[in-house]
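Each remark here refers to the structure printed beneath this line.
Chain naming follows the written order as A, B and C, and within any one chain the residues start at number 1.
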């Protein structure tokens, strides 16, 4: 294990990883003056990748909170070049930019240099409508990064359930009622792993929380941009608005998502898995500690907490790769 | 001035034009009948005749988004589709126009599903007629090549900056082969300036934000800017044809329309696409019989040549529209082109009778006999506003 | 003959996005039902462009009431637009909005009393006196009234909704302030039939009786310091939906980071973080966790809040590992948006003394779920000033 970790870190020795909070760059490339919610975690996702990528970067943002909230016409918080793209076009927008830049550089129409190409898409865009487009992007040879910022709802539209919403959550599409206490009956898609497993050419796929562990997300952006080829990051973004908690507590909710194991925090580097916060070896906190702090689960009965806990337990105790590969261990071979 | 004269399909002709403009990025997704253009472009790349980034997209929506975003970073881009694939891309088609990015797309016209059908119908291209795309219709392979070269010049002009659709009839023009004169690269270079978005390009040296979210304070002004660009495109098209002739010696009497014996005609048929070839042949035949008939072909559908049409039809008694499309429940149950023609004529001093001929849907042939029938109905005084020609009763 | 609109009453409810959404909706809806119960024409709507409501962002609902107009005439007169320009009665559910409203970019910071007409009324839910509030108004050329019902801003939550009776208290006050909307009898009978709760009826009656009203004269208020941006004509801005990015620029120290100058977010704030630089350990967590990039790193390694942009979420206060180093203070207790770090540098000990007196002895810590309210902690003795060498 130690040997493998050394190998993984070695691969990014030139990526300029931050060693501790005080080494983080101070300058912002996504700056104040955006219409995001108080306490918005996704804004920190934007801030983080822009900071790490720096000025030689182009960004597209798929329709969603981080589009609508961030830019109000005639104003923008972006310092790096940024463009809107359609809800399902996250992958394609990155491909279009990367291909265009590559062609122009090869033909000598613009100077040769490394320009980071980044798309961000929310859970609705990336997890549902844009899934195919991101898959397409991950099949290309281009250097590009797709950041899926996941606040678990169409928080831009009125807080409707998406394919990545946690089981049981109240949203405007899944209100708790007198007949049906639980309307959100879909289990969250395992999107990062799905993409990693389905696209073996991709050199770097990771999940992250923007604020926990400190600098981890920023370093994952660095690794993704350094890895080459198409890469993918999936962040869990506590959303004070749609999750109905006080904006002050975004950090603690992100931390609890990781520590309870409901959100698996890992990297897949050239096909090798590295857990960022390895809950196979640490105590997992009860998932209730995470759920009970959010108004969207305020309708939960004990059996609902128990159900979510049992699903999380299964994910960590029975999956072939905990939190990643939901195939249960041991091949079963039919015999005559 | 020309590098060769070669037998080729309409889609091949467009592929040659795309090669000649040295396109930087093209994205493909298969659907008949436009897809031949991508097959040919792929061969150009494989054989080193075209230096471009070639992306096989995961669907038409992505395909058109790739074109749009490539265009936004300053790359010359090409895409295309047909029928239901074109509709699948519709969201991306809409924003390419409102972002004012001069992507060029081939529409190999195809019937919309269901039932699945490969044959030509014009509804696919016509569905985008008001979204901010310029649309040119080709009726011959040579015209397809010419239209494509001109499309890049017009679309990329700083006064315009709008996407352009090159429409052609699927199954007919996309697949039949004709001899086409292919200009030399040098000549094309002389005709078409390098693509530049100026200070609208998305690049780290030009930090901008494109398409921030707007409330009711902004949208109307943005639409007005687009409206003015569409108006300006007329003059830019006229310039482009003049320049095309001076560089390549290829002459068009009028960029927007093509008239055959219209000037002294009593009755005139109006249409576009490959059926024009048949209609022109019939007009020549009937002229020999002493009939005062004419044919008017539309080459540009957007901007719509209202002025040219009014001028052309100022002495005409009766007008027939060859509509290879449907418009369910539309005014007087006539199909799409009728409305644009009638609307143009409202401002005219001459108000001919307008008869709509719905014909050739789903790839059904439009024969000489049927064109003749249309002229005969117009000449003898029509009793209906709409005739379905060639439908089995 | 033009329409007689003399009896038209326009009511605007100003509230903070999402956590006051349900509350504001109750008020604008209830007003319509009560007026209707008296045979009046009425309807309500919300400012469409406020959606999706970001928490903290100022939003508005409207209700329109008339005795004589038909519903169609009322709608044509009152709300063919997405926002209104004038109101007979303006209601404010969070008194910190008196510092200005900036719901969108390129909108400017607008005065809360912008829409109040001559002889109209502006009602606050506030524990402050009318005079404390009206001194922050934009000065107007005419007289109107200010009214208050006592209470702190009610953040009653979204999925979890806490009923603290602010809704019916506002209704009771409305009956007093503008009986043309509805009489108190109608309000009470409506509240009784809707909620079937004597307590809520009582709350409405008490508010009716206790609402404080004062006159605002043309001399009161300030010359509004924030310009109203001009909306350019279609020839006057770039085509292709292009907007110039914020120019790159960073240096250490207060205001060293370039920001979007056309959309400042400080008016989203109900509370603001106040920093004791003298006990700060320079851990970076406040700066790193700020989703509004509002902290400016200083040469000496501290992090100074830019209050023009801070939205007052409280994340910095929550992650700060030093007890009582960053504390959230009600926005009404402070006026300046200038750099506190610069004030600290000028005289560290007097800065500490001053902010400790503003902070007071109570620390209000919210529960995790917004609608569940706050825990109030007492701090008997502030931490002593620590000299930094």
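Of note:
The definition used in the following text is that a contact is a pair of C-beta atoms (placed from the backbone, for glycine too) under 8 Å apart; a residue touches a chain by one contact, two chains touch by 3 or more.
Since the model is a prediction, treat every value here as computed from it, not as a measurement.
Put simply, the chain closest to the centre of the protein, by Cα centroids, is A. The busiest chain interface, judged by C-beta pairs in contact, is A-C.
Look at the CA centroids: the one farthest from the centroid of chain B belongs to C.
Chain A and chain C have Cα centroids lying 33 Å from one another.
Chain geometry summary: the mean Cα position of chain A and that of chain B are 43 Å apart. Separation between the centroids of chain B and chain C, computed from CA atoms only, is 54 Å.
The residues of chain C that reach two or more other chains are 104-106, 237, 243-245, 247-248, listed in rising order.
Shared interface positions of chain B, defined as residues touching 2 or more other chains, are 207-212, 214-215, 217. For chain A, the set of residues that touch two or more other chains comprises 55, 68, 71-76, 78-82.
Chain A makes touch with chain C in their complex at residues 21-22, 24, 26-41, 43-44, 47, 55, 65, 68-69, 71-82, 155-159, 170, 211, 214, 240-241, 244-252, 292-296, 298-299. Of all residues in chain A, those touching chain B in their complex are 55-58, 60, 67-68, 71-76, 78-86, 88-89, 91-97, 99-104, 106-107, 109-110, 115, 132-133, 135-136, 139-140.
The part of chain C that touches chain B in the complex is made up of residues 49, 82, 104-106, 231-234, 237-245, 247-248. By the touch criterion given at the top, residues 22, 24-25, 27, 51-53, 55, 57-59, 61-63, 65-75, 77, 91-92, 95, 194, 202-204, 206-215, 217-218 of chain B touch chain A in their complex. The touching residues of chain B, counted against chain C in their complex, run 98-101, 161, 199-200, 207-212, 214-217, 220-222, 224-226, 228-229.
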